[in-house]
Every structure is written in C-alpha cells, then in structure tokens.
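Across the two complexes that follow, chain A remains constant while its partner is chain B and subsequently chain C.
For the complex of A and B:
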C-alpha cells in the first residue's frame, strides 16, 4: 500500500497532535498558565517561537497544552453526534415502518435548524460553557450522520445474507449485532474521522464567540477569543491557535477521505 | 386535421399527467413545509420553557434588576406569562399564524421589524458569498480535472484546507493581510462595495472547498460514464463533452449541497457579521443568544427554518430541471 504525500503529512500532523495531547510536557516543558508581565506581547522569536500574550504567557506552550482540551471537545462532540445518529439510524432503518416514518420526519425537522442554529438554541437554554457547547455541537451534527447511517442500515437489511439470517430464524438482536453493526462500523469510522475536524472548528467558533471554553483556559478557541481584542497589533495571539485548528481539521479530513477511497477501491 | 388529432391524442394526456404530478408534488411539499414550521415552532417553544429563572425577570433586565413584585406581575400580565402553559402555547401559535412574532425583551421593539431590518444585509452577504463560492469551486474543479496530475493533487489539497478553515480565523487572517499589512481594504464593514469584499471572501472560501470536492468527484465520475462515451461516439469534441455533458452531471450533487451550504452560510454569518461589525441576522441572533432575548431567538430561528425550507424546495425544482431522470421517475 503506497502512501501519498498528503497522507504522510497528515499522519505526521496527527502524531504530533497525539503527543501534544497525551504528553504536552515533552514538547513544551513550561507552564501554560505561568504569568510574566515584563514579557508581555513579545513577537515570535527564538525564545518564544509563537510569541507571548497579554500576560507574558508563552503561546507555543499554551497551544501545545491546549491540544488535549481542544481535541477532547472535538472527539466528545463527534461521539455524541454519532452515538445519537446510530440510535436514530437503527430505529429508522431496522424498526417497523411507522418508526422509520416518525424518525425521518423528526430528522427533517432537525434539518430545519441548519448549521449552528440548534447549538445556539441549546446554549440559550442551558447557558454557555465547555460542556454545553460540546453537547450542542454534537446535537447539531447528529441529523446529518443519522441520515447516512439510516441508508446504510437499510442497505444491509435488504441484502441477501440478511434474508438468509431471517430464514435461519435468527433474532433481531442477533442480526443487528452480527450483521448490521459490523457493516455500519466502516461508515461510522469514516464519518468520525471526517467529523472530528468539523466538530473542532464548530466548537472553537463557539468559544471564539464567548459561548464555549473561557480564558484563561489554554483551549484554542478560548485563546482566539482572548486574542481578538489585540488583533490589530499582536497578530500572533490569534494566528497560531487558529493555525492548529486548521492543521488538525485538514489532517483528519485528508485521512478520512483516503480511508473512504481505499474502502471504495478494495 | 389528422395531424392535430394525433398531437392531442399523444401530447395532451402526457402533458396533463405531468402537470398533475407537479401539482400533487407542490401540494405535498407545501404540507411538508407547514408541518416542519409548526414542529420547529413547537420545539423552540418548549425548549425555551426549560430556561431556568423567571421570564418576567428576564424581560425587566435580568436577576440584577431588583424588579418590584408589582413590576414583575405587570410584565407577566403584559406578555401573557400568567396564563397556563397550554393557553400560552396556543396563543403563541395563533400569533405566529398571523405573522406576529412578539416584542423583543431587550430592544422593546416588534421582533418582525427587528428581523426585517437586518434581513436585507444578510441576504446580500449570503447571496454574493454563494455566487463567489460556486465560481471558485467550479474553477478549482475544472482546473484540477483538466490540468494533469499536479493540478489534481494541488487542487484537492487546496479544497480540503479551504474546507477546514474556520470562518473566524480566515476573517482575522484576511484582515491582517489586506487591511493591516497592505491597507487595501477596510477591516470593518463600511457601507458600499469595498466593505463587502472581505466578509464575502470569508464566507465563500470554506464553502468553495466543500463544493469543489463534491463537484470534482462528480466530474471525474461523469467523464468515466457511458453517456460521455456515447457523446464522443457521436463525434462530440473534447470541450463539448466536458462543458455540455460532464459539467451538467457535476451540477447535480452540487445542487444537492445547497441546503447544507445554506446552514454553513447562516452559521458563518453569525461569526462574520460579528467580526466585521456588520448589521445582519447572524449578529442579531448572537446578541439575542447572549442576552437571552427569547422572542428574538424564536423569531430568527423560525425565519431561518422557513428560508431553509424554501431553499430546499427550490433545490428540488432545480434538480428536476437539470436531471431528466427525476422528472420521468416521479
């Protein structure tokens, strides 16, 4: 199996992010919250690769230490979205006709809250914060996933081997566990890889708007939100955290696409 | 005489059957739109009942306002909050049916007129962005399918990176480049064409990335398909095959994405209008969310849902116009 250049770069980025998330002190030994007022607003240099912020905190250290929180938010939101979507998809695709009808109508209604609209509604009710914004992003992505999973479940349900399983007298639970879930797992994996990047982007957008994680937490969206005030004079405060969001979203998308393509070719 | 008779015999029934199908489709569709609007209104109403705290207090300026018991009671009576919930719900639906969206808690103004004031700028921004995004996506897709291996790789990478860029970061980077460094364009949205350039680019670039990916895949798929082979066999040249047949095929999945693009534009508008200090639906929504101005949130959610339903209906019509298979089937 030959790796393309984009795939190699993406894998390297993801490996770097994984190290940053699991062992941030390996890459940035400093304290992400250490304040040094005499060293504030330093532009990028050899001492501070990404510069420093308004309290003299090293931005590189903060970006590296923020990786764990930012990726966790992205992964958790994707897991919530996919988990809900799997339940909806199985109910609609495997349940009786009326249940499929009801679920499909429900999804249609949810689709009418496009993009971040549902997330914003959720935040109006439960208030801003890391947990609510993560759940909110997960909820807004669920309908899209659910539609894809439903069609995949129906595809499996109408396949000859599932008919054979019915003829053999297998129970519905057995058929779901043995045939449907393993077949849906592939699509789930691709959706998850493609979705994590999008979730990170959305969650950080909410943080940027002041509805998610709040400063001084070393989370990428929160760092951007804090840097917004100083944007015209101290660009590095927002540029580098944003760069990490773009890198992680692009790398996971490249990986998801190539998994999808390989699956189609084989 | 015989000629016109045969036309009547063959042509008319087919045409009226087609018209009947279209009318039935339109009625079903209108019913669906009404159902979704009712459901969205209901979901929103009951979701907002879950907000902790006294709505009368929110009307009078939040918990810090120290409102007197009389003022609270007066506010409750004014907004009908002293009624039992089913009565409130029915009154709410009744008001919506007549187009009355209520009064804003914070702005003390009619919600419908608040929304009408900001609808125009957002429609202009979103419409221009969709146009620019389609043009960029089309350019990228054509270039990367016709430009050889390097163009193919570079094009798809550009599309993925463009799709991965968050709006707010793109906005900041564009401001840094074009306003702070080069001084070509204003960093906030001033009236007139120049102030629109950066907001439109910010909304268009990520969208172009998504549209481009889908269009390129559909183009490659179309170039491999039997109908392109048939067109070639009929003696159609390279350019004719590409522009007349393959591109039309590639438009179908792109049209299918328009509903999704709408969501991306609405979410993007929240960010872009805030950063560029541009009046609009997104910015009003954000300030209503921050201030928990429930009537404005409900109003904007309903307007967006209605617009979404209209867009998807138009999309279906466009699909039927582009793809003859859909007309034959339904």
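For the complex of A and C:
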C-alpha cells in the first residue's frame, strides 16, 4: 500500500504530537510555567523559537507541554461521545421498535441545538473546568455519532450474513458479539479519528472562552485566550498555539478520511 | 445488399489488457445476430464499442467499424450522438435500473424525441403513448405518468425498449434484455423484439443464455475471452457445433435434461476434483436398519413418526387441494434408501460431511409443511401451502416473482412465522417451537442463497467462515477439516486464506454450499442458487449439488423461477402462483402433462434451444 504525501505529513505531525504529549521534556526541556519578566514579549528567535509571552515564558515549551492536555481533552471527549453513541445506537438498532422510535426522536431534539451551545449549557450547570468541558464536548458530539452508528447497526443486523448466522443456529449474543460489533467497529474507528480533530477544536474553544483549562495552565485554547489581548502587537502569542490546534485537527482528519477511503476501496 | 453494420477486426483494450480482439461480423438490415458468451467474454464491451461508448480509458481499434455509410471509429462526438439517438437503439444491461427513479416514464421516452425528433410537445406526448402501446405496455396513458419504481421488471424493460426505439432506429442492440426477468415476462419481451425485427429493425441480441438467443437470432457469434470462437447460422451452430466451448455451452443448458445427468462436461469443470463415478443409487453409510422398501409415497404424511409407509398412490401427485392429504407423492421409487447388498454400513472415511444417522429408526420425512399461511398486510403471500419432503429427494418450487416461493423458504428456515399451519422437521415441531428449542436443531436445516457473497461476513476469510460453521461458532481458525470441506465442494485448500469477494461467482456459491453442508444438515433450502451464474458455471454448481445429495443423503427444497433448472434437479415439483400451489406432482409428469393452465403457460414461455431456425 502506497502512502500519499498528505498521509505521510499527517503521520509525521501525529508522531510529533504523540511524543510531545507523552514525553514533552524530550522536545522542550524547560519548565512551561517558569516566568522571566525581563524576557517578556520576545519575538521568535534562536533562543525562543516561538517567542515568549507577557511573563517571559517560552511559548514553544508551553505549546509542547500543552499538547498532552489538549490531546487528552480531545481523545477523552471523543471517547465519551462515541461511547454514549454506541449505547444509543445499539439500543436503537437492536431494541424494540418503540425504543428505536424514542431514541431517534431524542437524538433529533438534541440535533436542534448547535453542538457548542449544548456544551455551554452543560458547563453553565456544572461549572467550568477541564473535566466538565471534556464531558460537555463529549455529550454534544454524541448525537451525530449515534445516528451514524444506529444506521450501521441496522444495516448489519438486517444483512443476509446475519440471517445466515441465524440459520446456522447462533444465539443473539453470538451474533452481536461476533458479527455486529466487529463490523460496526470499523466505522467506529473512522469516526473516532475524524472526531478527535473536531473535539480538540471544541475543547480549545471552551478554554478560549475561559470555561475549560484556566491560565496559567499550558493549554492551547487557554494560551490563545491569554494572547488575544496582545494580538495586534505580539502575533506569535496567538499564532503558534493556533497553528498547533489547526495542525492536530487537520492531521487526524486527513488520516481518518484516508482510512475511510481505503476501507471503501479494499 | 450492403450490410447495415460492418465490423472488421475490432479490438478493445483497457490500459494494457486487451478484452476484445479480432472481432469481425456484419449485420444485414432486418437481421438478428446473436452474441453469446459468459460474463467477461467481451460481448458487452463489443456492443458498447459499436456505440462509441467503450469509455474514456479504452482504446478501440478496428480495420472497419461502419454503420450504413458512417465510420463509427472516425465519427465526431456530435455525429455519434445523433447515431446513437436516431439510428442505433441501445437497451443496456441492467435495464431495471436504467430509468431515472425521479422522472416519469413518459418523460424518459419523450427525451429522445425532444432531442432528436423536432416534434411539438403535444405530438411528442401522442408519440410516447403510441410507443408504449407498441411495446405492449398496458394502459399507456396511466403508465406514462408513473415512475420506474411503480413498474414491475417486465414493464420497466418495455419502457426502456420503447425509449430505445422511439426514433425508429434501424439497428437495436439489446444487452441481456431478459436476464433477471421471469420466464413468462421474458417470453413477452422476446416476442416484442421478434416483432420489431419482423418490422424491419436489425437486432443484435447479447446474452449468456443460448436458449434466448436461439429463439430470435438467425446467426450466432460465440465469444470467449474476447474472441469469436465460432460463428454461423443458428441452426448450424446448435445442431453441429464445431468448437468444444460451444458444445459445452449447449450441454450446460439444463432444459429438457433428465434428472441425474451431469450438465458439465469434464472439460467444463476443471476445478472439480476427480470424483469417483457414483452409482445412481447412493450408498448411505450407517443406517442398516432403514426400510429397504420404497418410501416414495407420503400422501399420508401426518401419520405417526416412523410408521411404515403406505403403498404408493400413483395418482395422488396431481391433486392440488389444501391440507396434508394433498402432499406431494409420486409413483416413482425414490433414489435414496436402497442399499447394495454387502456394502451397507461401510463408513465412508473420505467424506468429512458424511451424515451421522442416529441409531434410532430414521425418519423418512425430513420436512413436512401443513397448510402454511403467511399474510403481509392485506396480501396473502402464502396461502395454504402443504408439502412433504423426504430424505434424499429434491422438491422444486417454481413460480414467478411474487408467487410466494421465497416466503415459503423463509418459513421452512424459521426466519419467519406462519400465520397458520406449521412446519415440522424430522417429525418434530419446527415453526411452532420457540427459538430456544429450535436453535440446537437449526444445523439440520441449511440454506444457500442467490447472492452468496452478501451471505458472508465481509470481514472473514473463506477459512474463517467454514471453520465457524464446522465448529458451531467456537473457532474461526481454519484446520484440516476446512481443507477437506473445500475439497468436497471442488475448491483448492488455498482458497481458505482468501476473502469471498475476491472469488468468482461460482466459487462463492461453492463456499456457500460448503458452509451449508458443514453442520451436517438433513435438508438444504436452496433459494435461486444458480440464478445469477453463467450457464456453464450454473451447470457445475448443479452437478455439485447433485453429487453431494448422493454422497450425503441430503434433501433439497429447491426454489427457482427457472423451469429448466427445476426440471433438471427435482424429483417433485410445486408450481406456485399468488401464494397458492396451483399444481404439484412428479417433475416429469408435470412437465410432460401439465394440468393447470398456468403451468402450461409457464412451460410454453420457457426458453429452450430452438431446433429449427427462426422464421426469417
């Protein structure tokens, strides 16, 4: 199998982000919170590749150390969203007709809210913070996933090969475990890779609004928010965290799309 | 008279691979030329090349490719469009999906008139109605306002033909125009084409079915691997085929071939392992206590289990009332329960799927259906169907689409519950039993479907599918038993590592058969198992089913719309129409002396290879 250029770049970006998240000290040995007021507002140079912020903290170090927080929020939110969606999807796809009807109508109601608005509502009720914003993003992405998973479950459940399995005398539990879940898992994986990028953007948006991670914590959205005040004079304070949000979202999305495509082709 | 269409040395290549090479033929005005061959033989590509539709990635070369006085090879796209619209009509393969689902039939047909005809809207409307009437569409003015999904397959095909002949083309190319249609509908379409031809339209008829082509064509081209292997007048080719492939194609047509003869010549079945020639009476291994008397009669079906069969009631086969007493019976002794002296009880070691008969007295009746009724809304899909299927025998169920035959199959497979009546398997309740009780006995009843591929989990390899079936779902690791099973259905053990979708249609159906026999069933419900296969592959699969029946003592409930196939495979036959059994009896009796009008009509419409050339 041959990799396209875009795929190679995405893989490289993801590898870099993975290292940054798991072992940030390898890439940026400094302390992301160490302040140096004399060194504030330095533009990018060899000493500070991405420049420094208002307290003289190195932005490169902060961006690298913020990867873990941002990615964790993105991954956890996606996992929450998909997990909820899987439960809804299986209930709707396998349950009795009234349950399918009820679940589908509920999802339609949730669809009526813009996703981010729903997340904001949740935070208003449960207070800001990293955990609540993660759950909020997870909840607001769930309806979209649930609808896709439901249709996929129904598609597999009514397929001739599931009927063939009934004819062979397999129990319902066997059919779900050995045929439905594995066949749904493929699309689930694609949804997850596509979803991580979106979740990162949403989580960063919440932090930007001051509802997620709070400064001085090194988190991309929070850094954007802090840099906003100085955006006209010191562009690097918002540009580099923003760049990382874009890169990570783009890389996971490109990867998800190409997995989806390869799945269709093969 | 100069030829209307002249093709000299036509070749078509896609990228580096040549799919059609050195094809030459002519079509005279008002003549019908048939092109016969299997899928992949290049017949459709040839047709599309004639229309300049071979596709952007194709390379078409020909010494001559001329329609009337236009060279198709040199024509501009604009000239080609007029040619296609006005002079050459094309009925493409898969006409069932050739109509835009969002547009009415009238608009579809009116389009070609609008683009090429220069008529007013009113004149167009009238022309559309007269065209629809021409192609035998009932109530043309109603139909013109309907969309494709409101029409049956036969009516859609008529609509497509109507749009193809809208501008009175001099040549009509029909690619598999009757495939996927029921035989009575098929006969209607062929009559329509024949009428068009007799009115002066030249016709190129493309089909994998020699019988269809032989009805209309005065000349036949036999294609294989992109080349013409034989050509000549239809009568010559059919009565004295020169090329071995043609002989094979003719031999593979099951119509009028008696039960038990092989369809595929050895040449036709290279993948079949060299099976020993089996005697007409099979050797059933471990059941010496079976009654050696014929048990062909089952007219008294609901008698207690294992009661000795009554004497044959030769005339009961043609009754068609409801109720168990109308069960199929024939005067013919069955082929199965006879044991050559001295060999009975010898286990056949080489066959992993040899049935293990229980030591208790074996039930002769495998499936017994009594008064089955299934209602969908207001419609009675199945209305009082009863039958009895004995061990080692085949019961054919014929009927057109919508006759309820597939619903019967689903009831026997317990995928659906009858609203009234019941199915019993080996004398035990089946449709009436709760799924929990039935599940352990489900391996007794196997199934083979028309679309084998979609009946396999797409993630699994052939080996995993078969290992799963052999182990009752406990394992998916292919082992020696899987290899033996593959051998039994004539496949190489290396197939185990491949995915079904990479196999040919015939191979897929063999895998499906292997899966069906893996749990050692007594009966296999075959729902149109060969309908989507080429004739020669169909013959191999039918031969395989026959072989397995002899080896394993299987019973088949064989559902098909193809009368030729049903005559070839079944001992008894049920003819179904609108949910009812209109005729039943021994296959030969039904085919030679049909009692019911509908059966007679069905038989008359069955395509068979015409011995005499068609009227020129």
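The rule is short, and it goes like this: the second predicted complex is superposed on the first by the 264 of 266 C-alpha atoms of A that agree within 3 Å, B and C clash if a C-alpha of one lies under 4 Å from a C-alpha of the other, contacts with A are read in each partner's own complex, and residues count from 1 in each chain.
One rule holds in what follows: a residue touches a chain if its C-beta (ideal position, glycine included) is under 8 Å from a C-beta of that chain, and two chains touch if they have at least 3 such contacts.
Bear in mind that the values here come from a model prediction, so they are computed numbers and not experimental data.
Novice: Answer with first, second, both or neither: which of chain B and chain C does A:204 touch in the superposed model?
Specialist: Only chain B; A:204 stays clear of chain C.
Novice: Identify which of chain B and chain C touches the larger number of residues of chain A.
Specialist: Counting contacted residues of chain A, the larger count belongs to B.
Novice: In the superposed arrangement, which partner chain does A:108 touch: chain B (first), chain C (second), both, or neither?
Specialist: After superposing on A, A:108 lies in contact with chain B but is clear of chain C.
Novice: Pick one for A:38: touches chain B only (first), chain C only (second), both, or neither.
Specialist: It touches nothing on chain B or chain C.
Novice: Inside the complex, what are the residues of chain B that reach chain A?
Specialist: 32, 35-37, 39-40, 43-44, 47-48, 50-51, 153, 156-157, 160-161, 163-169, 172-173, 175-176, 180, 187, 259-260, 262-268, 270-271, 274, 285-286, 289-290, 292, 294, 297, 301, 304-305, 308-309
Novice: Any idea which chain A residues touch chain B in the complex?
Specialist: Touching chain B from chain A are residues 4-6, 105, 108-109, 111-117, 120-126, 144, 197, 201-202, 204-205, 208-211, 224, 228, 231-232, 235, 238-239, 242-243, 245-246, 249-250, 253-254, 257.
Novice: Which chain C residues qualify as touching chain A in the complex?
Specialist: Interface residues on chain C, with respect to chain A: 413, 415, 439-443, 445-447, 449, 451, 454-459, 469, 472-473, 515, 519.
Novice: Any idea which chain A residues touch chain C in the complex?
Specialist: Counting only chain A, the residues touching chain C are 159-161, 163-171, 174, 178-179, 182-183, 186.
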